[in-house]
Amino acid sequence: MQKLKSNWLWVLLAFFAVLPVVLTNNYYIYVFNRGFANAIAVIGLVILFGIAGQISLGHVAFFALSAYTSSILAIRLEWSPFITIPLGVLFSCIWGALLSIPSFKLSGPFLSISTVAFGEVVRLLVINLEPLTNGPYGLYNIPPVVIGGFRIVKELHWYYILLVAMCLLAVLGLRIKNSYIGRALAAIREDEIAAEIMGINIRRMKTFAFVSAAFFAGLSGGLYAHFAGYLSPEIITGEQSFNLFSMAIVGGQESIIGSLWSGIALTIAPEYMRFLQEYYIMIFSLIVLLVVLLPWDTLIEKAESGSKREVKAVEYRS
Amino acid sequence: MEFTTFVQLLIGGLSIGALYALPALGITLIWNAAGVFNFANGEFVMISSFMIYTLYLSMKLPFVGALLITVCFMFLFGVLIEKTIVNTLRRQNAPAIKALVSFIALSIFIRNAARFVWGTAPRTIENPFGSKPFELLPGIFVMPHSIWIIGICVVVMLLLLALFKATKLGIAMRATTQNRTVAALMGVNTSWMVSLVFGLSSIIAGIAGALSGAVFFITLDMGIMFGTKAFAANIIGGFGNPMGAIVGGLILGVTETLGASFISSMYKDVITFTLLLLFLLFKPKGLFKLDIVDKV
Amino acid sequence: GCGGQEAAKAPAEEKGPVKIAVIVTSLTGPLTKNGEYITNAVKMALEEVNSSGGVKGRKLEAVFLDDQVKSSEAINAVKKAVDDLKVPVILGSDSSGLVLASMPFAAKEGVPQVVSATNVRITRQNVPTIFRMRADDAVAAKILADYVTGKGFKKVGIMYTNEDYGKGFMEEIQKNLQAQKNGAIGLETCNIGDTDFTAQILSLKNKGVDTVLALGKEIETAKFLRQSKELGLKVQMFGGSPLGLDYVVELAGGAMEGVKIVTHFLPSDPDPKVQEWVNKYKKLYKNEEPETHVACYYDAVKMVADIMNKNGTTKEAITKGLKEVNYVGIQSAYKGSASGDLVTKQVVGDFKNGVWTVTDSLGK
Amino acid sequence: MVLEINKLSKSFGGIVALKEVSLEVSRGEVLAVIGPNGSGKTTLLNLITGVYVPTSGEITLGGKRIDGHNSAEICTSGIARTFQNIRLFKQLSVLDNVLIGFNHAFKSSLANVLGKGRRFREEEKTFREDAAKLLEVVGLRGKENVVAQSLPYAQQRLLEIARALATQPQVLLLDEPAAGMNSEEIAHLIQLIKTLRQTGLTIILIEHIMDLVRGVTDRVIVLSYGVKIAAGSFEEIERNQEVIEAYLGKGAAKTC
Amino acid sequence: MLTIKHLDSYYGKAQVLHDVDIEVKEGQFVALLGPNGAGKTTTMMSISGLVKTSAQTQIEFLGERIERLKPEAIVARGLVHVPQGRGVFPGLTIKENLIMGAYLRNSKKETNSDIERLVELFPKFKERMSQMAGTLSGGEQQMLAIIRGLMAHPKLLMLDEPSMGLAPIIVDQIYETIAQINKSGMTILLVEQNTNMALQVANYAYILSVGGIVNEGESCVLRQDEEMIKSYFKGQH
């Protein structure tokens, strides 16, 4: 089983490693870069939501907190992104820990609307804390990453950096998932009271889940800021959180590898649909709807975890 | 600030709050009945606003007639959504979260499809309640629609309360939510029951749409605002509790209006969401929490 | 289509149609009506260009790219235009924020971008490939501020939308008013999507303003005007170009009566050339009045076609042509400048008896 | 004394579910708590395991106060339980359910997990073996990969016991473990409880099926309306008139 | 009254019941016995229309085929089911739960008088009418479920392990009551773990094992052959 999972990751890595051979267009490379960045953020969401069952519809706030922190530090203090990105991630993780507080008392979909509010507060703060964030104008001229005097500005360089980062992070995600930590998170998802009585420290585990979500999203945001070179409050919309969330769902919720694929696919799909002109968003949302209504996730889950679950319990019809 | 201004703002805020409260109520009802968050509720409001525009302004029906047709249409629309999306999800025994994504996708779909029906231009309709303020108390001028909206909201609330507490139908709706299988064993037509609640909640969205169309502008993305505010209202009021939805909506409306004038209109939304954040941290279950005991 | 073929085709661009990219603000998303105006205008102009022989004997085509009024999408759209479609010229967005965000990506590849967004910063960054079809906010602000002070208003109130355009415009106006020692005594704002302005209106009323400058995006400003009327804020109102739009007039209801605006174009301009054009547009599009976006983007297409015919269809040729352009269009005459601002004309409109009349036409 | 309870009370609004109940159990003892429906037995377990906070009274485990602690702390200090309404991790496999019981015994750090360190791999291996042993003990060997929810009722109860044992408790609390079991299964359960007792485990058992109570208990206490009305050996209780009237009924005489 | 032929039931793709035949005559008290996981609950759920059955399956109630009817339509014909594991509505009060029991009956007055009468079975409920059912103890919930089942005035009552979690004295009382109701004309189909007890109250019994009927007969006859019964319950672990 363990084998199977890493195999899928190899397939993914191999596929995307050779893709630029046929895809020589900078624009599409850029779109894939965004796909990778989104996929990284979605790994966090899979841990938080797919495994631990804590719904966060404000996920993009973590992304934004880190992206803005890193950019502001890099622009104002001219620090290297190698310092500012980790600081941004740290900042976002601190907020992750704070956001876990309502989750101690709320569960399920109730939590989700709280996280919507969190996302909204972050967005409004970014708009209104002008001296820092440049408000609605957004931040320009975010410095690129420099390695040994070499400025990484080419889309293709970022492509490989992000691809490797994504795969490494996916391995970390899988390790968490398949460890005792992952089981504890799953127990919380299944039955919080029983989990606590089995000795699981609920608060600690929930905080862990939120912090790791913030970690992955934060890392994604930090990387994004420096390869896109531009940030504005519009990246923090609820719609963007929803996009990340759809990626997690379409990828099969508990499946990290599945969510990588769906993260990339749902990022590039609208771009490839531009020819539909004013119809494209409508058609895209319809496709998402259909994909969600079809029982894909069971298929992907099977592929990832082999036949771990022999029988699936069935609800009564009524 | 003068006292009269304060009261004027208060009434204005209450009527805005009432408009948030109605969709909030609809969301709560659907949550209670089907365990689904209707993130498309704002878009339901939008649809009915445009319907009112078509019927009342383009086709020149009397307002009440337009309202009735809209409300009937919304009922059918709600039932349709239940029969298609919700039912499919349930047959798959899909987790509540899939429903959540489906409904967000649905909302985006409606928002982007409506233009092909009603065009892209924002619309407005003449205020059917008259656009001349009247003197409610000496020195206090209010718009007639403020009073109408608040009144209608209260009536809807009372009717619902009566339905759920005092009628067998209402009890059966709640029973269906709590345990669908067993409700069926009591002889409840559960799928109809859920459709009914969907229809009901769409009617409420329809009423909100009709009223707000008379006060605000009708735009393709007005639903975003209504959706967000309705959810915020529910957080404040306490999710799953119809009373909470109403009170939450009213608090939200009043806070926005008073906050904008006492502090700064610049930070109007910040004030609102800070209020929300405070609720989340210190009273995450809202004012009227609904505890269905999960006995160990 | 994927990059491979496109790149291969690029050198041999002598045959086939010439493609230009039009980044449409709001093909979807908020303000979709503006998106419709822009697409209509571009289609009308293309039709005319092609029926009179196209450019250099080739057909001129437009690819419409949506930006959903989001900067991140605007960047995507520009990148697609530059890296994928490899167009020689982009007709950019009319939203300042989006232009500011996406400019560098076209500039990097040296693709000229012709925009209509009005924030002053767009042409003050020494980007050699950015060109603007409208007077910037500084110009409009100066006209408006002078006008207000000149008419003797002393207690100015300002209401603006908190986004790039409203805010930028407000700042410029404040600068001018302050220079005239007539700074606003009441400054109110709202966010995009706000629906209720009671608080702002009452606050202005309480401060006793004698005029209000309603600076901001279309819908919110219309709502503000309307509610001001309902709440009895009876002072002279001024505004920017968004108020000139037909649908904004409809939204504001009776509240537009008496409002004065500084704008780029009004279809009621008595110039016979303009009237002929207006009638043509109306015939094409269900009797709808063209407005400032239509005039602007129509001019942009015709002007670019003109330059292509004279200079050739490469990005360098077009850039060069735009730098020294001298073209008379519907909205204005356009003249190349160092900054890239092609026009400085503004008109003052007065809304009386249900129609906009041009009361003044101001140029350099 | 392993576990001591002193004057424990709990009320919900107007309903007094438990009123000044005291009891104690010593190591290796099996204590049964019986009593009419709604007499406060489950409430007692909920108080011991920290699901509810007592209105008043004390609970001490091995001399240390545990009342007021949260459930997780109480579990790690050595108390495990099963539930009257089965609360398994329904969608997880049988094996995962048991492994979750071992959760707090894992000591490897996050870095260890992320780096797949030796310590982590060893722990994972050991506890998987231990879990398999526990499944063997309760008789669920071979069902490791079955989803918990699709097990038959009786086996779900056994799985709950295995899961509770995985937390390595000193005291095991069983809330109606035999409910829904037939006589064969009850016999199996009796054997299981006896085996567990031999390992020195202390057990508090709530049960309405007298066959089980008779078969395994050392001592019985009876609750009625939240008050302890009797205590003693099963034989004494069986003959106690008050208990017969409140709980056992005349039918108790007839054996099944 | 109730005739079941060739009942095959499935959870998803897994077949749980194979060709089960059962007959319940008017006025009879029939017990359905068998080890854990044999499929007793599934049988009842199938009769109530809650589990997927095969095309061969025929279920006839009062001369009418019901295997394709919806659960609520089956209840409406007088076939009422008290499910295993109680299934009270946790967020409804005791009273509201009882009202739901009489959902298909129209007279409000009758409902109220029924509540008054039936609550005597468990007098503790009298002063707790507005307590949320979810906060009741396990046994209290079981009692509530049984009483709620009786509120429907069924023609045939199916009880799935009604004695589970009840105090011995209440078990006796419940069985007495059921026997009485049966005498006064209500037909009963009962699932029970306690074989002896079931065979004492019922007049006919079926034994189900691994999804099929393995034996049936008059309960007094079956009671004689303890060894035989034991053999069916062996080796299930």
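For clarity, chains are labelled A, B, C, D and E in written order, and residue numbers in each chain start from 1.
Going forward, a residue touches a chain if its C-beta (ideal position, glycine included) is under 8 Å from a C-beta of that chain, and two chains touch if they have at least 3 such contacts.
Going by UniProt, the chains are A = Branched-chain amino acid ABC transporter permease; B = ABC transporter permease; D = ABC transporter domain-containing protein; E = ABC transporter ATP-binding protein.
Worth saying up front: this structure is predicted, and the values here are computed from it rather than measured.
The chains that touch both subunit A and subunit E are B, D. The chain pair A-B and the chain pair A-C differ in C-beta contact count, and the higher one is A-B. Relative to subunit A, the most remote chain by averaged C-alpha coordinates is E. Spacing of subunit B (ABC transporter permease) relative to subunit D, judged by their CA centroids, is 47 angstrom.
Distance between subunit B (ABC transporter permease) and subunit C, defined via averaged C-alpha coordinates, is recorded as 36 Å. Each chain gets one centre point, the mean of its Cα atoms, and the points for subunit A and subunit D are 41 Å apart.
Subunit C and subunit D, compared by their mean Cα positions, are separated by 74 Å.
Touching two or more other chains at once are residues 112, 115, 181, 183-184, 190, 266, 269, 294-296 of subunit B (ABC transporter permease). Counting partners per residue, subunit C has 28-29, 32, 35, 162, 191 as the residues that reach two or more other chains. Residue positions of subunit E touching 2 or more other chains, listed in rising order: 11, 49-50, 71, 135-136.
Contact residues on subunit C toward subunit A in their complex (touch as defined above): 2-4, 6-7, 27-29, 32, 35, 64-66, 68, 70-72, 75-76, 79-80, 82-84, 97, 100-101, 104, 162-164, 167, 191. The touching residues of subunit E, when paired with subunit B (ABC transporter permease) in their complex, are 48-50, 70-72, 75-76, 80-81, 83, 87-92, 96, 99-101, 103-104, 132, 134-136, 148, 152. Those residues of subunit B (ABC transporter permease) that touch subunit C in the shared complex are 1, 5, 8-9, 12-13, 16, 112, 115, 120-124, 126, 131, 133, 141, 143, 216-217, 219-222, 224-225, 256-261, 265-266, 268-269. Residues of subunit B (ABC transporter permease) touching subunit A in their complex: 31, 37, 85, 88-89, 92-98, 100-102, 104-106, 108-109, 112-113, 115, 180-181, 183-184, 190, 228, 231-232, 234-235, 239, 266-267, 269-270, 273-274, 276-277, 280-281, 284-285, 294, 296.
Note for the complex: subunit C touches subunit B (ABC transporter permease) at residues 28-30, 32-33, 35-36, 162, 188-191, 193-196, 198-200, 202-203, 206, 218-219, 222-223, 226, 230-232, 247, 250-251, 253.
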